[in-house]
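Order of writing sets the labels: A, B, C and D. Residues in every chain begin at 1.
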Amino acid sequence: MRVAVVGGAGYIGGELLRLLLCHPDVELVQATSDRQRGQPLHAVHPNLRHLTSLKFTAHDELGEADAVFLALPHGTAMHRIDELALRDWRIVDLSADFRLRDPKAFARHHGVEHRRPDLVERFVPGLPELGRERLRGARWISVPGCQATAAILALRPLAAAGLVAGDVLIDARTGSSGSGSSPAPAAHHAERSGVMRVYQPTGHRHEAEVAQACGVSTRMTVTAVEAVRGVQVVLHLRPARPLRQTDLWEVYRAAYADEPFVRLVSQRSGLYRHPEPKVLSGTNLCDVGFAVDDDGCRVVLIGALDNLGKGGAGNAVQCLNVAAGLDERAGLGFPGLHPI
Amino acid sequence: MRVAVVGGAGYIGGELLRLLLCHPDVELVQATSDRQRGQPLHAVHPNLRHLTSLKFTAHDELGEADAVFLALPHGTAMHRIDELALRDWRIVDLSADFRLRDPKAFARHHGVEHRRPDLVERFVPGLPELGRERLRGARWISVPGCQATAAILALRPLAAAGLVAGDVLIDARTGSSGSGSSPAPAAHHAERSGVMRVYQPTGHRHEAEVAQACGVSTRMTVTAVEAVRGVQVVLHLRPARPLRQTDLWEVYRAAYADEPFVRLVSQRSGLYRHPEPKVLSGTNLCDVGFAVDDDGCRVVLIGALDNLGKGGAGNAVQCLNVAAGLDERAGLGFPGLHPI
Amino acid sequence: MRVAVVGGAGYIGGELLRLLLCHPDVELVQATSDRQRGQPLHAVHPNLRHLTSLKFTAHDELGEADAVFLALPHGTAMHRIDELALRDWRIVDLSADFRLRDPKAFARHHGVEHRRPDLVERFVPGLPELGRERLRGARWISVPGCQATAAILALRPLAAAGLVAGDVLIDARTGSSGSGSSPAPAAHHAERSGVMRVYQPTGHRHEAEVAQACGVSTRMTVTAVEAVRGVQVVLHLRPARPLRQTDLWEVYRAAYADEPFVRLVSQRSGLYRHPEPKVLSGTNLCDVGFAVDDDGCRVVLIGALDNLGKGGAGNAVQCLNVAAGLDERAGLGFPGLHPI
Amino acid sequence: MRVAVVGGAGYIGGELLRLLLCHPDVELVQATSDRQRGQPLHAVHPNLRHLTSLKFTAHDELGEADAVFLALPHGTAMHRIDELALRDWRIVDLSADFRLRDPKAFARHHGVEHRRPDLVERFVPGLPELGRERLRGARWISVPGCQATAAILALRPLAAAGLVAGDVLIDARTGSSGSGSSPAPAAHHAERSGVMRVYQPTGHRHEAEVAQACGVSTRMTVTAVEAVRGVQVVLHLRPARPLRQTDLWEVYRAAYADEPFVRLVSQRSGLYRHPEPKVLSGTNLCDVGFAVDDDGCRVVLIGALDNLGKGGAGNAVQCLNVAAGLDERAGLGFPGLHPI
């Protein structure tokens, strides 16, 4: 399968390139970047040195492919979709443009009207754990945001079982790569290093994605902490009835027994007894854990992933694998490092 | 005033030594450590080089002083208190031993019975912002834990105004110095570096301290993140009535207008628009901020401090200043660094 | 091929386990650790969760295997070698015990007499780039230290060409995993974080390894910096005759044209124009670069690697691949991450 | 004394503001920044909150003062000097413009001709340890670069004693604040985090400063490592005759016995036995250490400082103290933090 990456010079784009270059069933045929046009891929992504002799081309020079990944800034894909729709290829969009089915929610969270709300329904949600069947053979796919992915995978089994009462509070912590590869004051090393920056105490746009997928209302606070790739979400909720730890194991084991990329992590001891994103760097894994208060009336859920892996490029490749009928795990076997 | 530090080789002890050596109205006369006995202070704390020629003595060699700080592991002070009580000096205890007035709460959170519950009432709570009058002239003082201090300072004005409805969720994030100076797997660099470790999802012992000081029920989750000294707490609560941002400013300005070490930080823009602990390293400041959801029905409070500063040694020195009738700010003027 | 790891609970051991569990031609049959006996491998190495159901056994319970890796503390292997020699398996030793052919150099650098100097010659040096032929079919292999590996790969082509005059100064910088997984003051997070610690200004033991491999005298200074896995060496030397950058390219291209795991990195621009270890985390790569002063009379060589990868476990697996006649690259294809 | 800071929004400027606001004998009257004009100082430097109500003014609005610090980008001061020279105030320039007495060296290292080479001689070198007498009463002062300061303080006693033979190799390691506060790819957090980036293997401009001050030829390699404020230099040299550790102590004790801001650090044991910049953050200290090889024929010198402290703003304030006849230590008493 010949695959192209549009927007290959960013961090999500670079991770796509790495995964696709090592994918046994895929041939990377093109990577575009207006900014880096003419540069070899490894001039931007040093880990690709010796893996390929491809150079970035301009977006306008996009050629033939069986599938194309869109790793463009939010708000860009909806402007290019008409042109991209002219060709018969699979499209996997990694931006926020086609995630929210409600155009009002899109306008509220993104501050602009959606240009093609009519097309949103044509995009299949790109999270295999949410429904693998719709993804098989899908032509257009929209993958969720990194924090939303972690929160959905942590929350959905409990929500689907009708065990969530009231609002869910989500404390999300994020590494620096989530804000992209362009220099900016918020990502300047001397400011970002060692930070605990609550940059959005209320009203984060990923709330709507979680609500859409899980059917419960959420409140999300996002804090930037010292990490590059990791994302962690801690969800606080009251259960519909008192729950014990064994109840939670039952719910989550049933939900994820056959999932290749979700691991349940909730041990009594050990440094890594709860989900910890640092050991997930480079993987397509999402670790999910849970704890209950002594009285069973307060549940804490924890999700962790690599925001460029299962929170972005890895998940997008998994979706393509499912859509194209490949082995779902193909190209995604890296288990992560310890220590790191 | 002649002052001694019992347990001067740990991190809290070292911070006390630094503050006391630079304090205009204090003479540091002794620092004890059984482990480092005979070593110059700067052999353990390199920042004290050239500041003093004192050497650590054994605990048993503790001599005369007007005031003594106890920077001992939790559970130790209650075993030494009888002996220490024989002399007529001020005692400032930085351990958890005499913080909780309810001996059952102590036993539940610390796993052992209190040895001298009868003495707890003789310790004045060491947080000037909670009541400066009781501290004036106080002989025995017990300062709160670092996360509790941040949470109390963030929550108390709203709680005292009767504006908190229901439980308060506290997401606490902590740097590595909070777990002390003794090598341990959890603090081994390769494991601790870049971590987001939810090490206590439910039932943290600081909950009881916050509840005692604020009169509201709390649930605390603690996560270790990559930092050395910083502590940040994010509190989520429903207000008793819808609140606007201006209401919060009013409550907090009234509470903290005259406080020398609490700053209100809640701006619309800027990298440091919410409380951020990294710029508080070395200071005795606690920054407090707040935000409300659009509908005013969800409040987020944020507190930040240096766990060895206002969360420990700095606050203890402030308490001594108040108790001994010194200038409350004496020795605590360092404003922190930017960048850091 | 059935393979066992002796000393699997440390960091080098864990990296061996990860590589061997993902190796296409190898079956991991056992991992020993007296300390972690009975624990599942993933209780210590969280990245191995779901990869294996093996548990650690005691060292004494070591069973059958075709090859055994020794990842034991320095000074241990020479005490176990008699017992290990009783069986007919390949041995790959990752400790320092059998690296130095001169027993006096061993005693000088390690402070103890070697127990079995007569066996040193039976160990083939475990660096394929130094001589692949001797490794083919080798039964006993001793791999070099991480800093030595980086320095040898950077220096040897120039030294072998007779182009090095006088001593070589080596400035080595190292991450924290190099000092092992046991908690210790030097690796305590609050002390180790953000450090630039010159912990051995003169006389490092890796000097002798470099001298043995390259035939030139070296002086090495080692500094611990904030990193977990990375090692970087910067070598300063005077060339035997003035050299231009193109001369260096010629020498190094000739030496490494066919090497699968050495990359030459010496560009005019770009953030990663010189070897940088952080993008090598998890890989078996060693990046080598070079620069000359304007007058060609001073050469700077740079080597970078992951101390657990090409500086340890990765290189050991590569040696086994060569010795056992497998594809030399098998199991070592991970290209590293960007960003990280 | 009324003091103004020109270029107060950068990192050096911010450190000057902090030091001057806490200085007992100085009144900060103005801070300029075209970029931040109209903003309160604490909007840029959060540590200045509550310390001042000053706002940044444009450079053109610079008013009266007794002394003015120039914290402008390199190459700017020489363009403004004619205008600044019209007023009768002390000038302390922190840029590179007036450091090198040889205009050819300036042109070679900075790539442009100097605009006012005739004025260079009017600037007194701003390093009190190099000659305090010339600084007393000085009107124009030019302080050295951060790496040069560390290297000069480490090297000069030995060089002045005629004990240095041949070239000196300098391995400099630097934190991120040294490259300023403007976002740029090299300082983007995801790229800069955890890096060991040899960004200038040969020919660094600080070589000329060290040579000018010490009278010996140097070769400097600069590596960016994970730190914000720290700078460390490791110098390698051959002594003119074999030296023992006690010889070095003698030379350095004689040189620095009365220096308030240079500490000799060369212990046999302890984590901080050699100069380590992290414990110097926020201080005006330069720690200097040394070691010799067993045969006394190779000397390693180590210098460490905070690049914004003794490597910049702190040193500039010390120079002003000397020039204006104030207590040389005034405003510079912060001893640094441990841990940090």
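To be clear about the criterion, a contact is a pair of C-beta atoms (placed from the backbone, for glycine too) under 8 Å apart; a residue touches a chain by one contact, two chains touch by 3 or more.
None of these values were measured; they are calculated from a predicted model.
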| item | value |
| --- | --- |
| Winner on C-beta contact pairs when C-D is weighed against B-C | C-D |
| Centroid comparison with chain A (C-alpha atoms), farthest chain | D |
| Between chain D and chain B, distance of the C-alpha-averaged centres to the nearest whole Å | 35 |
| Computed distance of Cα centres, chain D from chain C, in Å | 38 |
| Separation of mean Cα positions, chain C and chain B [Å, integer] | 45 |
| Set of chain A residues in contact with two or more other chains | 11, 177, 181, 185, 190, 193, 226, 228, 271, 276, 339-340 |
| List of chain C residues in touch with chain D within their complex | 169, 171, 173, 185-186, 190-191, 193-199, 201-203, 219, 221, 223, 225-228, 230, 232, 234, 236, 271, 274-278, 289, 291-294, 298, 300, 302, 304, 339-340 |
| Residues of chain D touching chain A in the complex | 11, 175-177, 181-185, 187-190, 192-193, 226, 228 |
| Chain B residues touching chain D - in the complex, by the definition given at the top | 11, 14-15, 18, 21-22, 43, 45-51, 177, 181, 228-229, 263, 265, 267, 270-272, 276, 279, 281-282, 333-340 |
